[in-house]
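In what follows, chain A forms one complex with chain B and a second complex with chain C.
== the complex of A and B ==
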């Protein structure tokens, strides 16, 4: 029983990260029908913003070697600010990598490539400024909270409980906003059909910007929390999560917010179910599971089936 | 339609294949005289980006100090050594590309790459092209056996790793249950864990669990909770600095209080920011001691402290080994040039003669007196075991040598 609880906690804690990451992908996909490959870079930026805002110094490499902000904010304050800054960067990515193509009615596939380019440029910019070395958010950033918590006979690190809690709250807020507000419904309308939404008086361009801003905010929050949990392993920190997030996005159903959460938790649990002495193969198991699921249900768990076109 | 297109492509494909074949087989630059316009060309390939950049930074310091020492004492018989450093990243393709680039530039020898995993991929390129390689940090079994142009100044894991197990048992004889972690996709980790596990078994401590990770893993909750269920009182890690540092931090956060022994991959002060206060107490065997009282080490220590943070700074092992690797190349070049002036040799002739010279020599280095077996394996006499002592703020620490 303790083993099952431990597996469940392990799976949920990892799955929460994947879900939070995939939500950002989902928001952009829902309005544009294209994957924003710069999302992983914005996730990485969120971690770096958090690190700098709490007073972390840049290492010995990079143009900003030795740089440190004159203020050191508490983690609780630094995290949302990092989220906002990441959201601003995501808006910039929308402005330079997506909007020009959208205005020219270019094939959505091209936006996929420009977003990939934007992501590569961002990652290299981080490397140029901050150097390639790893940076760590100090272990005492959560104040007097204990390093780990016990539930029954199972143990989990406090930072992972925090990740789970923040993911749950953000998903709840996002769902409430999408379903319960005028702007949220506007986003849904744009995701259904941007042209018709525009004819109905909804500013599609503004809705797309909101989706990008929110997506960047979520990526920034996720990056800051994951950076606290496992350190920032250099500018390429977000790549692994980006690949896993794509898997989650597809498993949950492209463009489905609840699907992203469900997909994240399922992949997290699938990884946790891999026997520990085979855990080096957990990626293969997770993606093998994804492969099998898609054979049975190509639209993903909560995605809509593609209509047959005549 | 498709076969017709293929027919049109045929000559182009043949031309491409021929081009690739020529590139692979011939090396016209090797038959040219050595370009000494900028100095005696030597190359280095280190991991300056990616997960292993934490090692590359230490190594770059060592190379810079060695270059200053060599050129400060007359260079290669009056000619300066011209060292060209290339980033080999932290994976095999980047190391391969950097090796190829350096070889095409006409360097006479290469120092690098940083990781054993990269060496198994990049060293065969140097071997095929006849370029001497002195590895500063490859410790996996089988590196010099790649070929007769490959040597190393980093003693292999089988010599060093068991020392820390012995020290752990001497410090805490009550240890009964050992758990082992290693990265299954890394040549160094897989080679070293075999040595650790043999050493444990030889001491009557068959591992109660062996946990596999991957080099780019960051979250080890699954493996740690499974290992802790076996109630180990010794945990032995064969991991690189980034993943190993993270694993130690997560181990301690999840409540493990027993002893931790780590392998050579964590032999860098760059682990301090990763595991922070949780690094305190880990045991590690070392091939370098700042306290070694030899003229070579005193000079190295003095140069390091003058360049890197004052009289209290102690050089990491990787810095000392990188210094040693370039020192070996420099001294061998001097001897070769004294016997046969470099101006009279082609690049290929110089490379072959230099390899023979490297293997023949005996060197007074910061690591102590070293020389090589005919196969290119380093012969080093003294090794040490250190324990990490972190400062109270948990941000910096030191490797304190154990008696």
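== the complex of A and C ==
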């Protein structure tokens, strides 16, 4: 029984990260109807920003070998700053990879390709500058907090509690913003129909930028937290999350905020429930879900039915 | 020129054609690396495990390579037929995502199966050719055959139907084109080309593992087609040749391979929505070339 509780707790904290990650995809998808393939790279950037801001030094490879910021911020301050920086990068990605195509009314599929290009460039720039080796954020960065908490017979790492708490708060704030404020309603209007929204006095371009900025911020925060939890396994570590995030996204329903959360939790739990002798197949769980879902119910668990394009 | 690089360029051109075929009917499928990996695995398994094929650890008869290619084509073709029937109901982003998932599932499965060598892969794949020149000759021949078939395809009904679907699927369907079967044909042909290419690549590289068909490979091959364009088979062929060579030529500057590909797929759709190689540009270039030749020829 305790084992099951432990598995559930582990699954929940992994699922919370997936949810946070997929929310970033969802925000952009809901306003533009395209997937930002650079999202995984921005997640990686968030982790590296956090690492540098808390005073981590660059290893011996890469052009910035041995570089270290003169300041060492505490983790709770470094994380939001890393989030903001990631948000700024996401705005840059929008500008380079999305806006020129939108201006030309190009096929949305092309934005899939350009954002993939932006992501590949970001990841490889990190590799060029900081080398391919892994960096780990020291666990001592959490200050005087204990390394793990005991919870009804199961042990949960403080990092995991933090992951769960931050994800919950951010998801809550985001939902409140989208449903409860004027600008959040504006976002919904743009996702419904950008041209009509524009006619009704909503600045569609600005809403799109807000969506990108927020999605980058969420990715940066998620990256920093995961970096703290499992260490940054080189510049490519966000790509794996990025591809898995697609599974979460499709399972929950593209463009649905509660769907992204539900999908994240389901896949996190499902991965935790994979028996240890089959653990090699754990990485295939998200894709299995994705594949099945696309065949059975392409709009996902909580998504709107797909319109038949005429 | 370095023959090893030349061989890689030829393999790049073949993979470019594989990504191009579904895109010719407007379907973005990133499944090529998956089928490429399967082709390579078939070759690696047959040539190292079955002594009857004549592999003695060093040399290997070419007839056995042809047999492997036929088998790889059968395996990938049947697989693509089954998978294509299901995933091609999806459109646009959904199709792209499902093919990414397919490649990842194949990679994870092959990492975990013992007979594919797991994470280490299969080593000591016998060599049908003693030198890289032999490989270059064989692969050039294969590329020529594939190009000729593509050229035939584009001039006949199924190829024209593919282009019609790319321009407007609904309009194509209303003209009596069986869109489902045409898309399936493109998907299966794409898988066949990728599978056969994998067979040669496995022999050429001498070892084969699950990482051959990863997301990186999807990006690389996609860049070939974004650069070359989706209007004629010559585009992805040139894309594959040029983009495989370019990073190697830039090697002195640093390992810029993926940054170059990233720039191509980021800037390509913005600057050259039709790709760099379009039928119009090709005819303009050949006209310019002919004019220049005429100017240089001495007047009789």
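The working rule: the second predicted complex is superposed on the first by the 296 of 310 C-alpha atoms of A that agree within 3 Å, B and C clash if a C-alpha of one lies under 4 Å from a C-alpha of the other, contacts with A are read in each partner's own complex, and residues count from 1 in each chain.
Simple rule for what comes next: contacts are C-beta pairs under 8 Å (C-beta built on N, C-alpha and C of every residue); 3 or more make two chains touch, one makes a residue touch a chain.
Worth saying up front: this structure is predicted, and the values here are computed from it rather than measured.
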Touched partner set for A:108, first chain B, second chain C, both or neither: second
Which superposed partner A:13 touches (first chain B, second chain C, both, neither): first
Which superposed partner A:247 touches (first chain B, second chain C, both, neither): second
Touching partner for A:283 - first (chain B), second (chain C), both, neither: both
Partner chain(s) touched by A:121 [first = chain B, second = chain C, both, neither]: second
Which of chain B and chain C A:100 touches, first, second, both or neither: second
Shared chain A surface residues [contacts with chain B and with chain C]: 280-281, 283
Complex contacts: residues of chain A adjacent to chain B: 3, 6, 10, 13-14, 17, 60-61, 127, 132-136, 138-140, 147-148, 154-158, 160, 226, 229-231, 233-234, 236, 240, 271-272, 274, 276-283
Sites on chain A touched by chain C in the complex: 34-35, 96-97, 100-101, 104, 106, 108-110, 112-114, 116-121, 123-125, 128, 239, 243, 246-247, 250, 254, 280-281, 283-284, 287-288, 290-291, 294-295, 298, 309-310
Chain B - residues contacting chain A, complex: 48-51, 53-54, 57, 183-185, 209-214, 216, 218-219, 221-223, 225-229, 242, 245-246, 249-250, 252-255, 270, 273-274, 276-278, 394-395
List of chain C residues in touch with chain A within their complex: 28, 86-87, 90-94, 96-98, 100-102, 104-105, 108-109, 111-112, 170, 215, 219, 222-223, 226, 254-256, 258-259, 261-270, 273
